[in-house]
Amino acid sequence: MSSSERKQIKVGILGATGTVGQRFIQLLSTHPYFVIHALGASSRSAGQRYGKVTKWKLNTPIPKEIGNMVVQECKPDAEGFKDCGVVFSGLDADVAGEIEEAFRSANLIVFSNAKNYRRDPLCPLIVPLVNPSHLSIIPHQKKTLGLEKGYIVTNANCSTTGLVVPLAALEKAFGPLQTVMVTTLQAISGAGYPGVSSLDILDNVVPHIGGEEEKIEWETNKILGGLNSDNTQFDLHSNESVKAINVSATTTRVPVIDGHTGVVSVKFSKSPAPSMEEIDRAFREFRCEAQELNVPSAPPQAIVVHDAPDRPQPRLDRDLHNGACVSVGRVRPCPVLDVKFVCLIDNVRLGAATSSIMNAEIAVEKGLIV
Amino acid sequence: MSSSERKQIKVGILGATGTVGQRFIQLLSTHPYFVIHALGASSRSAGQRYGKVTKWKLNTPIPKEIGNMVVQECKPDAEGFKDCGVVFSGLDADVAGEIEEAFRSANLIVFSNAKNYRRDPLCPLIVPLVNPSHLSIIPHQKKTLGLEKGYIVTNANCSTTGLVVPLAALEKAFGPLQTVMVTTLQAISGAGYPGVSSLDILDNVVPHIGGEEEKIEWETNKILGGLNSDNTQFDLHSNESVKAINVSATTTRVPVIDGHTGVVSVKFSKSPAPSMEEIDRAFREFRCEAQELNVPSAPPQAIVVHDAPDRPQPRLDRDLHNGACVSVGRVRPCPVLDVKFVCLIDNVRLGAATSSIMNAEIAVEKGLIV
Amino acid sequence: MSSSERKQIKVGILGATGTVGQRFIQLLSTHPYFVIHALGASSRSAGQRYGKVTKWKLNTPIPKEIGNMVVQECKPDAEGFKDCGVVFSGLDADVAGEIEEAFRSANLIVFSNAKNYRRDPLCPLIVPLVNPSHLSIIPHQKKTLGLEKGYIVTNANCSTTGLVVPLAALEKAFGPLQTVMVTTLQAISGAGYPGVSSLDILDNVVPHIGGEEEKIEWETNKILGGLNSDNTQFDLHSNESVKAINVSATTTRVPVIDGHTGVVSVKFSKSPAPSMEEIDRAFREFRCEAQELNVPSAPPQAIVVHDAPDRPQPRLDRDLHNGACVSVGRVRPCPVLDVKFVCLIDNVRLGAATSSIMNAEIAVEKGLIV
Amino acid sequence: MSSSERKQIKVGILGATGTVGQRFIQLLSTHPYFVIHALGASSRSAGQRYGKVTKWKLNTPIPKEIGNMVVQECKPDAEGFKDCGVVFSGLDADVAGEIEEAFRSANLIVFSNAKNYRRDPLCPLIVPLVNPSHLSIIPHQKKTLGLEKGYIVTNANCSTTGLVVPLAALEKAFGPLQTVMVTTLQAISGAGYPGVSSLDILDNVVPHIGGEEEKIEWETNKILGGLNSDNTQFDLHSNESVKAINVSATTTRVPVIDGHTGVVSVKFSKSPAPSMEEIDRAFREFRCEAQELNVPSAPPQAIVVHDAPDRPQPRLDRDLHNGACVSVGRVRPCPVLDVKFVCLIDNVRLGAATSSIMNAEIAVEKGLIV
């Protein structure tokens, strides 16, 4: 069934006025079958028109019909949410835990960008270009909680997402990885709005983002790991029963609006390591399930490999394939580990809203959203 | 003998109108005993007043007496250079090789910031807070070339300098290092003027600086290495006869005016590795020869360790100790190597002009400049 | 005849590798009837593939078929140009004069973004949303020069363009203007590539752009002026035979990538001046010939009036209507003149390439390009 | 009496942890006779060490002895304030009104950077390089309020300050001004911390700063106006009994850290207007009372006139004379008014903390602080 033939599915957006929420709206307003039906925000905004209460920060205007919608509180019984086939959450972590749980308990399906349930042993943590197979734990999640319909799916931290896509390509081609070192140069939009004060970042680098390094080091292993045979438990990176990847991350903030850059070194388990040509080819030839399923948000290339020695660059490359792919460049030998390269992700699209949406599209294909 | 008692030494500056040359002038114009006596630039500028031909880009005005000086060509027989006890070179690499050689052949002493002679087996490559002991090869340099007085001393690449100071502190306290991984986030001033186009760097990161990674990987070993017993040959990192440090560097350009940040991971040769507390203390207690000699440009602390988790930051910390120290922060265990930390250097001061000047001050103390 | 029914017209691009040339390519590669047929650049690039010699700086990739085209020298007899129905020039002013003249003499039609012929009494200076009626001098241009087919049409300086569109709306509604004061805050892309050094503009404002103020003060009057009755001579702002508008401009450069902001105050000839409501309505209701002719690049609104008190902003509003309109905001009384407001133009689209293209589209409609 | 002979005067700082408060500390920690004795902040910080509760954002470290001081609540009877000869206020406007009034009522002398009492008919609004003569209303303020010792002196908005210094030079030389038009390009530090979100200002201009235009238009006239003969009432710009200056201001925010740029056009009352040479000379020769009194913070030049056509620039010129002067450049005829020029002020020094301090120094000289 092609996207244009699918019948429309009503969707809700939690945290609709925030940075990620705005991206959900921008992306969903032209979606072939998801139709924005309910917008949730804080009680301060509830009851008012979206266009009036939102400090819209994107360079495309608020879609007119969305601007006129009345914002609801983030409660499952607020008008509209009950009819939604899926609810996307762009909520901040300090409120996401309770609200998402309330929606799930009300038998709603939540695809969340928040971190709260990423480490939950019942919740899949899915990067749509990497591990949609983890959706198979959903029946177990529903059963454990005694829910007929409701469940939560999370997507990964934005910088983790940019990292695991090329890592997945390497694992797919060459087997388990042993060691990964990554330094990120992250955009200000990753911190939301108002987020990073301009006095902190103009003509500056902030070499610390709270909690971010632990997220990268931990999430990478859940995402690249497997499920046990009856789909009831994640093996933290149990790909072929190997031990976890040893990940060391340092995260920094730089004066870039959108686009997280990662400087990565990798050591393979197998020895001798593949050649640079083999690695380059593995990146270029990487195909993933989202592409096989041909879901609407899947990019034509999951990884774009750049030949120019000074690419990828956030300002020039973040918009490739509508921000739904990962750029990779500078693939070359690492004197310490095996290979080093640079990767780039659009942190607010594939790193956030696009991942949630693509995850839901895949769930639709798999019959998990109806 | 205290600095104020030293008799004045006339100095010349090659490449005086450029980015590094301007810093030489700014720093030397208030020096206790070096007195600016000759300014050299391209033939285009020669014969005109310095204030007229220079696009001065520093936030302190051109010292008035310097602004009125007539610029010379970069030739040893141009007016003024003959009388100079030392000539500082801020020349670009494409011309530095020939010009510095001409000055040396004319029995002038050159302290150069250019890269041309850094790998020369006769020329010391000195970071003043690390290896001024390498000046002991100078008699061999002069003898080999049959020169009575002339010689060349180089200082290191700016990003190398910011790295080797903390590495030297670690080697001094804990013995040889085995492995170093570093990612740099470098300021635009490192590329000179006009240097980096604003269209390339605003809202952007450029993940490549030509030749820079090789410099870091190579220079680190020459600087941290030793000399043979008769002071005629460098052992590339032969500290205690161990093999070279395995260095892997990735260098990036970020929208920062001054101040190179380095994200560093280190593995020690000794096992078990020192504790984080021991490492922290080694940084804080590091003292170097420049400080023992009490030369005018030596900072009170060679390394400033920051306690705040989000420091050092280029805009806030590059001016510490007049840009003559290295900042270190975020000292913590590395899941892959032994320890990771962040370092910061003012690339145009300790990373360039200040190093040359401090090297010359040390040479004065050692009787190599009279 | 609708755009899609027009037969294709081959076009050439002079200065194809530069900042404006790249925009020509980006915009023309999806044009309904202009087809890129020849690319001209300096002899250094000639003979090589476009994708190889161009430092492409846009955030959409080089269209594949363009990347493979062989670049020609900017000579009318170089391969391809002879067949072009129109040649767009994004040349720098230092070479544009001679080259454009050579193309015209070879009976080619040139639509130029360069300044060289803007003040020529035979050449129309056209902002497509303002004065396409000036195309009527073309027969006189051709006749005077004894050319059967060749002529030159220029478009205005980017900051002039952003100013005259709202001024034209005011003149259309309220008659001649007496006085205009404008301060611009201009983007770095206005200076081309490499253009503005990052060391000059990061954390900075440069309150001077050479020649720009004179251009605004002079061009405004030619554009808003009329033609004599037999279409052989421009009356510099002879709209209803009134005297020239007294324009005072100050131009500054700010750290913005694309989008020139103008702070404008205006005094009308008529007294009493119109009310703020009337002025606001005049902006909103402004319709122009390009829209009546329904040419492909004409925006649905020539002027977008913003209600939010802090708009327009370059980053958020420059992309409106694909960069082909002018944004206006903060319309309010001026204590000194009559009204003040803020305007914004995408300097590389409507301020440059889009204007040339829309001018040519209008010329096509008028039968001046066949 | 020279500054070094003056006996020390204890001072307090209200709002000590904020942007302006930090500048007060930086500047006062090396003051010849003001000694920091009490630090006031919100109750959240009170009782803790200054170094612990302050997000210090300056590029010089917190002076060690200040870092160890215990922060007090902003109450006149909190420890230390009672002994202060003067209390400097860097409070935000939302709390400054009540707190400053409480301090005055407790017979403390307040020099405030807040806007709350600027329009109060009893309070002088003083730019120290312009109108310290307005201090003569203080006896009337104290008498009216029945206070023996307490009074409030305010300094002007930062952008007003940068404007009125050159205007005062023009009035002093050529008599009353008739009309002033000004467009400002203001730095982010003017909005305090966290202040402007980086997402709002990177690659952007915000053409609106709430309330700022009204401040410039109103304050200019109070500052440049006079006092009646018995020093009990301000004549809003009654300089020689002329009517108010007609001021039109537009204020914008640009991605600059420190330093407000103003683009100014002026019309004189007298006709013919002075020549550009006379105006240039009036700027260069301007001397003010703060200089005659030789107070410690008075700059050697109140106005620095730049000859280069592209100056002043915030990054290069804000540090001149330790941020205590105003830079002026591009003095040239205005086609609409008489003269136009560009001015620049360090908004956090002369535009804020330095003005308060210099005002207090002048009050010391006049015997108003003992």
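In order of appearance the chains are A, B, C and D, and numbering begins at 1 in each one.
Here, contacts are C-beta pairs under 8 Å (C-beta built on N, C-alpha and C of every residue); 3 or more make two chains touch, one makes a residue touch a chain.
Just so it is clear, the structure is predicted and the values come from calculations on it, not from any experiment.
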Selected pair, greater C-beta contact count between C-D and B-C: C-D
Far-end chain from chain D, centres as C-alpha averages: A
Rounded Å distance between chain B and chain D, as computed from the means of their C-alpha atoms: 41
Centre distance in Å when chain B and chain C are each reduced to the mean of their C-alpha atoms: 49
Chain centre separation in whole Å, for chain D relative to chain C (CA means): 43
Residue numbers of chain D (touch at least two other chains): 57, 202-203, 255, 257, 315-316
Overall pattern in which the protein chains touch one another (line/ring/star/complete/other): complete
Chain A-touching residues of chain C, taken from the complex the two chains share: 57-61, 202-203, 257, 315-320
Residue ranges of chain A touching chain D (in the complex, touch as defined): 19, 57, 188-189, 193-203, 255, 257
Chain B contact footprint on chain A (complex, rising order): 179-181, 183, 185, 202-208, 210, 217, 246-248, 250, 252, 254-257, 261, 263, 265, 309-316, 329-330, 334-337, 340, 342
